[in-house]
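Below is one structure. I have some questions about it.
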Amino acid sequence: MKPDSIFHTVEISHYIYLSCVLFCIGLFGVLFRRNAIVLLMCIELMLNAVNLLFTAFSSYMGDSSGQLFVFFVMVVAAAEAAVGLAILVMMFRNTRTTDVSFLSNLKG
Amino acid sequence: MRSLLLIFLGAIAILFAGLGKKEIRMLPWAIALLLGALVFIPMDWIANEQPDWVNHIVPYFMMVFDRSALAFMAVIIIAAMLVLGLFGQREITGSDQLGLILFSLCGALILCSFTHMVMLFLGIEALSIPLFVLAGSRKKDLRSNEAAIKYFLMGAFSTAIFLMGCAFVYGGTGTLDLSVMQRVIPGSAAMGGMTGLAKTGVVLLMTGLCFKIAAVPFHFWSPDVYEGSPNRTTLFMATVVKIASFSAFFRLFNFAFSSPLAHGNWSFVLAILAAATILVGNIGALAQRNLKRTMAYSSIAHAGYMLLAILANPLESFWALIVYSLAYAGSSAVVFYILNKVQEKKGNTEFESFNGFGRANRWLGILLILALFSMAGIPVTAGFAGKFLLFSAAFTGFKWLVIVALLGSAISIAYYFRVFRHAFLTEADGDIIKPEWQDSVFLAIAATVLLLIGIWPALITGLQLFELH
Amino acid sequence: MSTSAGYIPILLQILVAVGFVVLALFLSSKLGPSRKTVQKDENFECGIESQGNARYPISVKYFLTAILFVLFDVEVIFFYPYAVNFKDMGMEGFIAVVTFVAIFLAGFIYVWRKGAFEWDK
Amino acid sequence: MELSLLFEKSVLILILTAITLGIATYLTYGERKVAAFLQDRLGPNRAGIYGIFQPLADAGKMFFKEELIPRNAEKWLFIMGPGLAMVTACITSAVIPWGTDLVLFGRNISLQVADVDIGILYIMGIVSVGVYGIMIGGWASNNKYSLYGAIRASSQMISYELSMGLALIAIIMMSGSLSLREIVDQQSGWHGMKWNILFQPLGFILFFTCALAETNRAPFDLPECETELIGGYHTEYSSMKLGFYLFAEYINMFVSSAVMSIVYLGGYNFPFMDAAWFSTHPNWLGAISVAVMFAKVSFFIFLFMWIRWTLPRFRYDQLMHLGWKSLIPLALINMLLTGLGMLLWGK
Amino acid sequence: MPELSKIPWPFLILSFISILCALYVVTSNSPIRSVLALILTFFSISAHYVMLNAQFLAIVNLIVYAGAIMVLFLFVLMLLNLNKETEPLKSNKWLIGAAVSAGLLLLVFTASIQTSSEHIMRHPEAGTGLVKSLGKVLFTDYLVPFELSGILFLAAMVGAVMLGKRDAANESDTEITGREEV
């Protein structure tokens, strides 16, 4: 049981694959779902995939700027989510739904 | 720097000054603030001794206020002044909206001056987050709500894609600093240009930014959002946000990814996007029956033209982009002002509402013609100067694209003419609109900008920008 | 101990906790009697029949609290890396943080004056 | 990490979990005895001498009670709620150092499950995740009272989390590290009496108030105030699931007492622990330090109970006003003053 | 694609959990369950961070995402009672379209990874992810972004209050339902 050595045998490409897969799952959700809250969750998932990728690069390259970038992504995502959910609640108060397809009042 | 600080502090001051009061006129203060910020720019311009920004980045600052940044900042502040000046009298109810606009403006100014991906990202967010709110600022209006939610979802989604691009570029180059990136990104010749990671990253970055500027095929959100948002916010999005995004696009792609090897990797994709944007924007605009939607599509088309500047040699295209942005901001402001006034009278922005407008209001009619001419790119207006400069800058590298752009401009004349026809050639009696004196001042400024640059573009292009490289 | 390996005991503790909880829940569900009746499975509403759906929308104040919590919480997170480095950074770092606190306070006071914390109205 | 260390940690974890559960069980007894003492009654005195077996009987009963799941409830979430509450309560103690190192079988054995770099942030993280158990349980019950209880609980917990974090920052500025072990060791000066509470009295009061609110203890027990909400978020629960919610509350109380002892009262430090004799008898030192630690924890637990049986309950608006309008500004001021003080009079 | 047998098992298990939970997030019909699955995803990603020795990020991820943002999501879902509202899923056409575009993107990614990424050497230095070293960089190199994010929060607060607060002028305006709260 040598976890340190286990960590060292993970290659960077594994992390890239993983976060690409997560990103694409999130993207799929954004394209497929239409409940606004679920859409927002899928976007958060995509952001997390990005964060994972940044962290992997940063810690493999021994460069802290990637991790700081992730820090900023996280905090900004929080601000974004806060504003987004405020908008959603406002919309819900007017329409009683968060289904995005309801938004067909505006033609595409 | 000083302008940015001034606007930020002013925004906070305005927020707090308006607290707890029902009716307070903060608008003059906001405009004074912008004027103050604008005054700083020539001062900085003169003081600016940096010949080459790459080697003179203030340590730890992540922003550099070189002359190219200052030029964009000036355009953006002028555009913001037009937005506030022309739409301030009725629509702004609280100081919170004004504060949000100013915060957003801070983000826009950062997009002119970043030298680091973190600043680019934060700038985009600082620009967008207040706008999500502003788009939905008419809380009871369903369309405004929907515009807000759409704009928000598209914004968040494009941010995710943009960030993925950042991550790939970071993996491919090992840095987030633009000046380092510029050195690293070509890769070694043995590896054949950029690494695969960096290539994918650049394409993803491009995609993310194309969402922001509403380039085809990532434009689908913009007509809805433009139509649903309050008019002032729409104008802000169409001018300030678009110009700031282009500034970011220009800075990122022409500084960080500008080496010949790298350029070849992304320029072709971008050229195709530009061509598609021009065609889709113009053809889409033809099909509309509503002036606000037409303007939305025409703004997509304008984004297409402006993409030429990013493709072309930055030394030539920089001033072209500035002139074009100014022309675009000025003419949009005029058209949106008239559109807003008509909407107040008639309740909608269908073309029919404009019938007889030009006969009823002589001066506004002339202004409308001027603005439309400028948008269509007819000589002696700023729009013509901008288009001419843009097309000639891009002509050396992308002849076919310039031909597409000319074709697009030809199409655009058709729908601009339709506005003209409704406003001047129909028999109906239009409503008489009396602009308040403050409005007249700003309309006059817009008109002056359009005419002056149209007649004498060297006023701007003659400015000495130090060597970009 | 500042490597990833230091977290293995935490993982173990999580496993132990989860194992205990699952086991106890399972045991208690097997050990106890199970005599279901219609009335016993009703929701409790002080003895009368329950009225309507229990999950109906609720005051917007709670959202506002949660939204503001998210924003302030993230700002508080920023202070931790500072606090750890506080001694090394001296006055310059302190001024930077005071600036940030000023912006924080500006937001806080604004929100306060706007009445977002008023619960008695 | 080699196997022997892993084994050592496993034993420590098992002992710790057992102690935690035992303490949680006996805290119910303690609470009733304290209440009886304060109200001049006898309290439980039937099962065993002084009723000492009462909690065991209670716990046994929990197992054999019928399990009720309301028809309209979301079954899995309903079960998950108390489980989550219990798990989050049980894992918080992982970073807490319980005493100085022991020397057994020629090995240095640390009485701390994991000394990680993020130390106290781990506790903050788990506390912030602790909201879910209550929220999910309350919502899944499909009962109005449960939902109200859950909303109140979560709003209250998130509100007080802010000032808790801010109060901690002043401490971290003094210690320069997030590791709880470091924080304790730095309080060992002045012959083991250099406790943080001497420098941070305001911070201590803030933290203590927040701890009361985070554990939903009186006077902040609005989520379960019987007069308004029947049982609050656990109205619909019975048998072991109810037991878990109650246990989780007591475990949280225990752990937050431990955290407060460590952060403000010097943890396992005791006066004259630097005596020369101890350096040659590390195991005595370890044993006494553990005893001291538990004495401090007991003191805090008694304080919790004392407050519960003395103070009346807040109103919800008072609770939120206190959290947002008083504690947060105070915590900010405390933080800035600490920073300023340390810069000016260089510590 | 790398051979599965060569990948260390802790990484494999964690990745499996992440991907499974992520799939559940996008396919589940009940938004509440999506939220819970997303929280689990965040936990597994935090575990990845720990494996990468980015300890500070791991805990910030938990506090910010799992402890704050997701609480907000759960609040919105529970209090607006959105769970019962069955979301009509888009048609199969959409499903195929979405799957194809996501798959294509994944292919592009895969292609780009295969041509490169060998150049990223593993750096043995372990200290970059610790609070202390990150904090040092944050308060020197990243000072301007730090202050800027303060501005961003200020803007977000103003916006959230503007949208969320009832207008004083119009009392009947904004309460979500006729029924009052607790």
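Each chain gets a letter, A, B, C, D and E, in the order it is written, and its residues are counted from 1.
Assume contacts are C-beta pairs under 8 Å (C-beta built on N, C-alpha and C of every residue); 3 or more make two chains touch, one makes a residue touch a chain.
Please read all numbers here as calculations on a predicted model, not as lab measurements.
Novice: Applying the document's contact definition, name the chain pair with more C-beta pairs in contact, B-E or B-C.
Specialist: Of the two interfaces, B-E and B-C, more C-beta pairs touch across B-E.
Novice: Quick one: which chain's Cα centre is the longest way from chain C's?
Specialist: It is B whose centre lies farthest from that of chain C.
Novice: Between chain B and chain C, what is the gap in Å from one C-alpha centre to the other?
Specialist: 41
Novice: Rounded to a whole Å, what is the gap between the Cα centroids of chain A and chain C?
Specialist: Distance between chain centres: 21 Å.
Novice: I'd like to verify one number: the distance from the centre of chain C to the centre of chain E, where each centre is the average of its C-alpha atoms, in whole angstrom.
Specialist: 17
Novice: What parts of chain A, by residue number, touch at least two of the other chains?
Specialist: Where chain A meets two or more other chains at a single residue, that happens at 3-4, 7, 16, 23, 26, 40, 57-58, 61, 63, 65, 68, 72, 74-76, 78-83, 85-90, 92-93.
Novice: Which residues of chain E are in contact with two or more other chains?
Specialist: In chain E, the residues touching two or more other chains are 51-53, 55-56, 60, 63-64, 67-69, 71-72, 75-76, 78-80, 109, 113, 117, 120, 130-132, 134, 138, 141-143, 145, 149, 151-156, 158-161, 163-164, 174, 176, 182.
Novice: I need the residues of chain B touching at least two other chains; which ones are they?
Specialist: Those would be 12, 15, 118, 122, 125, 129, 132-133, 136, 139-140, 168, 171, 174.
Novice: Under the touch definition given earlier, write down the residues of chain B that touch chain C in their complex.
Specialist: Those in contact with chain C are residues 12, 15-16, 19-20.
Novice: So in the complex, which bits of chain E are touching chain B?
Specialist: 108-109, 111-117, 119-120, 140-145, 148-149, 151-152, 154-156, 158-163, 167, 169, 173-174
Novice: Please output the residues of chain C touching chain D within their complex, sorted ascending.
Specialist: Those in contact with chain D are residues 1-2, 5-10, 12-14, 16-18, 20-22, 24-25, 27-29, 31-35, 38, 40-46, 50, 54-55, 58, 62, 65-66, 69, 72-73, 76-77, 79-80, 83-87, 90-91, 94, 97-98, 101, 104-105, 108, 112, 117, 119-120.
Novice: Quick one: in the complex, what on chain E touches chain A?
Specialist: Chain E residues touching chain A: 1-2, 7-11, 15, 18-19, 22-23, 25-26, 31, 34-35, 38, 41-42, 45, 48-49, 51-54, 56-57, 60-61, 64-65, 68-69, 72-73, 76-77, 80, 82, 85, 87-90, 94-95, 97-99, 101-103, 105-106, 109-110, 113, 117, 120-125, 128-129, 133-134, 137-138, 141-142, 145, 149, 152-153, 155-156, 159-160, 163-164, 174, 176.
Novice: Applying the document's contact rule, which stretches of chain D touch chain C when the two form their complex?
Specialist: The touching residues are 1, 6, 9-10, 12-14, 16-17, 21, 62-73, 79, 82-83, 86-87, 90-91, 93-95, 113-117, 121-122, 128, 139, 141-147, 151, 155, 158-159, 161-162, 165-166, 169-170, 172-173, 176-178, 230, 235-236, 239-241, 243-244, 316-317, 320-321, 324-325, 328-329, 332, 335-336, 339-340, 342-343.
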